[in-house]
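Next come two complexes built around chain A: one with chain B, the other with chain C.
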Partner chain A sequence: MPQTLKEVDVVVIGVGFAGSILAKELAASGLKVVGLERGHSRHSVPDFQAPAIHDELKYSIRKGMMQDVTREAMTFRNHYREVALPMRQWEAFLPGTGLGGCGVHWNGQSWRYHEEEFIYKTHIEQRYGKKILDPDLRIQDWGVTYQELEPYYDRFEYLLGVCGKAGNLNGKIEAGGNPLEAPRSREYPNPPMKEQYSGALFRKAASELGYHPFLQPSANSTRPYTNPEGLTLNPCVYCGFCERYGCEHFAKASPQTVILPVLMKNPNFELRTESQVLRINLDSTGKKATGVSYMDAHGREFEQPASLVLLTAFALNDVRMLLLSGIGKPYEPTTETGVVGRNYAYQTQSYVPTFLGEDVHLNSYMAGGASGTVIDDFSVDNFDHSSLGFIGGCYVLCGSTNARPVEFHPTPPGTPRWGRKWKDAVRQHYNHTAIFNLSGTSTSMRGNYLDLDPTYRDAWGLPLLRITFDFPDNDVRMSRFVTHKASEIARQMGAKIVVDSPRTGPFTTTSYQSTHNTGGAVIGADPSTSVVNRYCQSWDVPNVFVVGACNYPQNSSYNPTLTLGALIYWTADALKTRYLKRPGPLV
Partner chain B sequence: MTKIHSTVRVKSVLSIAVVFVAVIMVASYLGAQTTIPNKSISNESQMAVRIVAEGTTRGVVACSRCHGFDGASDGSGAFPRLDGQSAQYLADQLRRFASGDRQNALMQPIARALKDDEINAVSQYYASVHAVPIPSRPVPAQLRDRGRQVAEVGDLSVRVQACESCHGPNGEGEPVSGVPYLGGQYSHYITVQIRMFRQGYRKSQQMIVPAHNLSEQDITAVAAYFEQASAPAVK
Partner chain C sequence: MSDGPSSNSRRNFLRSSLVLISTATLAGEAPALLGSARAEETRRFLNESERRFLLAAVDRLIPADERWPGAAEAGVVNYIDLQMAGAWGGGEMLYRHGPFRKGTPTQGYQLEYTPAELFRRSILAINAHFASQAKSFDQLPSEEKDAYLSSLEKGDIDLDGVPSNTFFDFLLQHTVEGFFSDPIYGGNKNKLAWKMIGFPGAYADYHDLIDKHGVEFHREPLSIADGPGYHSMNSGTGGK
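Now for the complex of A and B:
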């Protein structure tokens, strides 16, 4: 018999970036907030200290910071005609768990979206006409504009201490930054990362070909920095153990370093870890949440009543929670009815391994998580697609985030996969190979969606999330085009071997790409094609807000975190200045 | 007759023994003072030995005057142990003294008078010598344990990461990247240097926050811990 606890004002499901920031803002406003995190508590000291944290086998290979697949997996299929099977091992994407969420083990790559992306459908149809869109593509406008979000991008960037150089300061193009970026109201809080040798060679070649290289913005600090919450970051030491690892130096912007200490000091906030939320409970009308049910580490079930529920458990988990709780109509792809699970997208990554010759020593192991020199000339809609027959694009990044001994063994095509010849090839190419990373748009498609699996369940008896996804042909064509352009830059660098490796279908879960899963609880102005309104408030249950990359109607070229940060602060503002004054639908 | 002979033999054996022991002592003393790696002596090494022993005509005081031939100096902690220190680090520090980036009334004029190749040479010299370790002072167990805690784990309450995150297990340093060893370094020297970072006499983006956040007591503790942590081997 579940025990009913004393009512609180707010329950936050998942204490990562979104959960921590929203909890802090509301607790500071005087509300009683409970944060429920299914994973363990963890802190920079002692949990992220070296040398123990630099355990590649534990964290990179065995996914030490990720969701436990033996208790809570997901099922996958390419197409809705197929039967989905459980993923027994994370490879393509790596859902995190634990206090701080993905903010602990992310790379710190910090990008704003372009202005037109928030009105993507309107913009594309205006620029190219509807004919450029393959019939099954489903791009949408967000219902909120870049201009509205700009001050919140700024606030999140200053919270994190993002390191970069402005390229467009209030409309004025600045040298040293990205001339193609959306206008920003002020300079970055910290200067850019150091340029790696491979990046410098890329810069020269890209400039010679007429592109506009700049240093990738980074949330790993480049100098001691005290953020507006009074918390100080240390500079990154380029240790090469960023993605998949916690940072021992207080250099990576994570909830632990930029906000949690302030949140934990507020007596209005209570953190409960190892608390697995089972569902959001609704009243008999189905239009009001009464709180959540969760299970603790001992297997005891609790009901936590609350007036307001914030769902901030990571994109995929958010959608699953809505489905498990019966909030919103589940999407069905053949009839195109329903909204929850609709417009699921991913990222279209490709690579160009570039062997520069044995006299070019790259020392790629000296790397921060967001190290790299990049061009934006082929991202999203930054180039004219009129005669190309596809939409979208990629940024082209050259640099390294690591050259770790287990994971990094670049060898040219045709090298045997083991034995003497393989070892010789690794020795010959390890310190002389740069790998271009192309991060591409992922266009939403009718048949790509999320729902609940009919067969497989988690350790609590609840249906797993089922992912139905494949790359739209549009994105495959896009990848081929931009990867080819990137290969030209590699040849301009004087490379001895260039491996043009565009993304081709089908999507598989068996090789790593990125954890940029988006959509399924899309933001929008139209309730028939979105799950939340422009304030991330559920159309169906007004006292439930959902904030995560699940809100994105399609995925951009860029890493999602900074845009999520803008949405988080935008939602916090809506809650404090509108919702709390008059609870109810804000739109 | 036999008695006199045996007496004489004992005496001469004794005096030979005394001389022998004296020779051994002098030899080992010399050996300890001037262990140079077993390679053919290059021009750079010759230059280094000259500067360490005699200084230069441009006003560089002989390094050995304060640092000794073996880099161990006098054990007071007024001068750091240099033996086996990262050559990269030593050269970098000499350049910082020369530029004024690192403030020190004694070292700045010396460093300014050193030429670039001389900096490299003396740095290589001290990187390659190996001193006989001077027994460290006894440290209260509680202080050493607190020092180990901060050195190996850090302190969340003041947001300081483990010293060994950069300085390596037992504070052995990372010679190639120029991270100095702390293991076996004089505790007094470590204590003063942390204060130098805090007050800005030494500039380091990595050290400024830990130097600022650590309490006086914890600085003493980590310094005490590192002095008695195992000294690095010559690389």
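Now for the complex of A and C:
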């Protein structure tokens, strides 16, 4: 028999960036908040300390910080006519687990989205007409605008201590920054990171070709910085163990460094780790959540009643929890009915390995997670697509996040995979090869979606999430175009060998690309095409709010975290100033 | 083979051996010869015939050269032995619920075997294949070893239920892992794989170096086993 616990005001499912910030805001407003985290508690000291944290095998190869795949996997297929099979280990993307969530193992690349991305469908159709869109594409507007989110972007940047140089300050173009960025209301809280050698070579070549290079905005601090919560970050030492690792230096912004110490001190908040939420419980009308059911590490089941449920468990897990709880109608791709799981998208990554020759010593292991010099000239809709026959784009970044050798040992095309020639090539190119990273838009498409798997189950007997995804032709054409442009820059750098390698289909689960899984519980103005309203509130069960990259109706060129931060504070504000005064639908 | 090239090869071999030894002596970090390596065998999972096959196979995947050790000298077989004896080998890091079905290439590994079972099953089939011809893989000349490994790589052979390319990819993956991982895992002996490419290992403080563009940075690589002596954070200030 599950034990019913004392009712609280708010239960938060998943204590990463979204969970910890929302919990902090609501606990500070006087509400009793319980945070349920399925993973372990962990902190910069002692859990992320050197030298043990610099263990490539444990963290990068065996995925030491990721969701326990033995208990909760996901299934995958490229097309809904195929049979999905479990991803038996994490490769293509890396969902985190444990206190702080993905906010612990991210790189810290900190991008705002563009104004037109929030009105993407309207903007694209106005600029190019409807004919530019392939019939299967399903882009849409967010129902919230950049102008509305700008103050919340700003707040999140100051929480993290983001390092960069403004390129557009209230509409005025600033030297040294990204002239193509959306207007920001004030300068970044900290100056940009140091430029790597490969980035400096890229900057010169990109400038010569007429592009606009700048240093990527970063949440790896560049100087001692005390955030508005009173927590202090140290400067990054460019250790080269950032993504997939926790930061030993208090330099990477993570929930542990920028918010949790404040939250944990508030007696209105209680953290329960190793607590696996099984479902959100609804009353007999199905329109109101009564709380959640969860199981602890001893296998004891509890019911935690709450007036308000915040679902902040990572994009993919949020969608699965809605489906397991029967909140919202599941999407069906042949009839295009239902909404939960609709518009799942990803990131169209491609790479340009650039072999510079043995006299160029790049020392790529000297790297912050968000190191890199970048151009924004080919992102999203920063260039004219009228004659190109596709929408979307990529930012083009040159720099390194690491040179850990199990993962990184580039060899030129034609090199055998093993043997003496392979070994010689690894030695010759290891310290002399830059790899451009192109982060590309992922356009939502009718057949790409999330639902529950009919066959495979987790350790608690519940159906796994099933992912159905392949790259839309539009995105393959986009990747080909932008990757060729990037290769021109690589050749301008004087590279001996440039490997022009655009992303091609089919999507495969077997190699890492990105953990920017988006959509499935998208935000919008129309309940027939969205799961949550403009305040991230469930259309169907108004005392459930879902905040994650699952809200994105399609995916941008840019890394998703900063936009998620803006949505978190936007939602916190709506909860505090409107919902709590009058609980009920906000739209 | 005619006498000429053969004696040439022999002379070349001798010359390279001398170079190898003298370099190693000068550097003071002799790649362990196979004989003395026997004493350091970990013997946690692999049996004698598995070890013999793996020693010969990884020696072809990453061979020794005049200056740098290959996978065999670097201890990669010990690495594999320890990995297979542990949680990874036992399948405790994989989702292992059935039904097991053959998937598309994009769906990744779908066999029911744990990594340890996959290794054992495949090597047993390989050893049986050679035994049936009264041969042993490790006794083949290098060219024949390479040819056989290539046929495994192509996936032409069924290794008692394991497609040979699945086994080959798995073997190559573990060979590279063992070669380049921290020596605490049994391979990368004396950090020589890191020295070969110039990776400083677990050392990680480049604040004052990252913008010195183009410098040649030489530093003794740091293993996790070397301890926290080089620098470590105190409690920091973020936890305040």
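In this text, the second predicted complex is superposed on the first by the 587 of 587 C-alpha atoms of A that agree within 3 Å, B and C clash if a C-alpha of one lies under 4 Å from a C-alpha of the other, contacts with A are read in each partner's own complex, and residues count from 1 in each chain.
We take it that contacts are C-beta pairs under 8 Å (C-beta built on N, C-alpha and C of every residue); 3 or more make two chains touch, one makes a residue touch a chain.
Keep in mind that what you see is a predicted model, and the values were worked out from it rather than measured.
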Partner chain(s) touched by A:His40 [first = chain B, second = chain C, both, neither]: neither
Residue contacts on chain A - larger count, chain B or chain C: C
Partner chain in contact with A:Lys421 - chain B first, chain C second, else both or neither: neither
Chain B versus chain C as contact partner of A:Asn78, first or second or both or neither: second
Which superposed partner A:Arg300 touches (first chain B, second chain C, both, neither): neither
First, second, both or neither for A:Arg223, with chain B first and chain C second: first
Partner chain(s) touched by A:Ala50 [first = chain B, second = chain C, both, neither]: both
First (chain B), second (chain C), both or neither touched by A:Pro235: both
First, second, both or neither for A:Tyr365, with chain B first and chain C second: second
Touching both chain B and chain C, residues of chain A: 43-45, 49-51, 224, 231-232, 234-235, 237, 248-250
Chain B residues touching chain A - in the complex, by the definition given at the top: 152-156, 159-162, 164-166, 169, 205-206, 208-209
Complex contacts: residues of chain A adjacent to chain B: 43-46, 49-51, 223-224, 231-232, 234-235, 237, 248-250
Interface residues, chain A side, partner chain C - complex: 43-45, 49-52, 54-57, 61-63, 69-70, 73, 76-78, 82-83, 85-89, 91, 194-197, 200, 224, 230-241, 248-250, 256-258, 261, 360-361, 363, 365-367, 371, 403-406, 409, 417-420, 422-424, 426-427, 430-431, 455-457, 506-510
Residues of chain C defined as touching chain A within the complex: 60-63, 65, 68, 70, 88, 92-97, 99, 101, 103-110, 146, 149, 153, 172, 175-177, 180-182, 185, 193-194, 196-202, 204-207, 209-211, 213-217, 222-224, 226-228, 230-233, 235-240
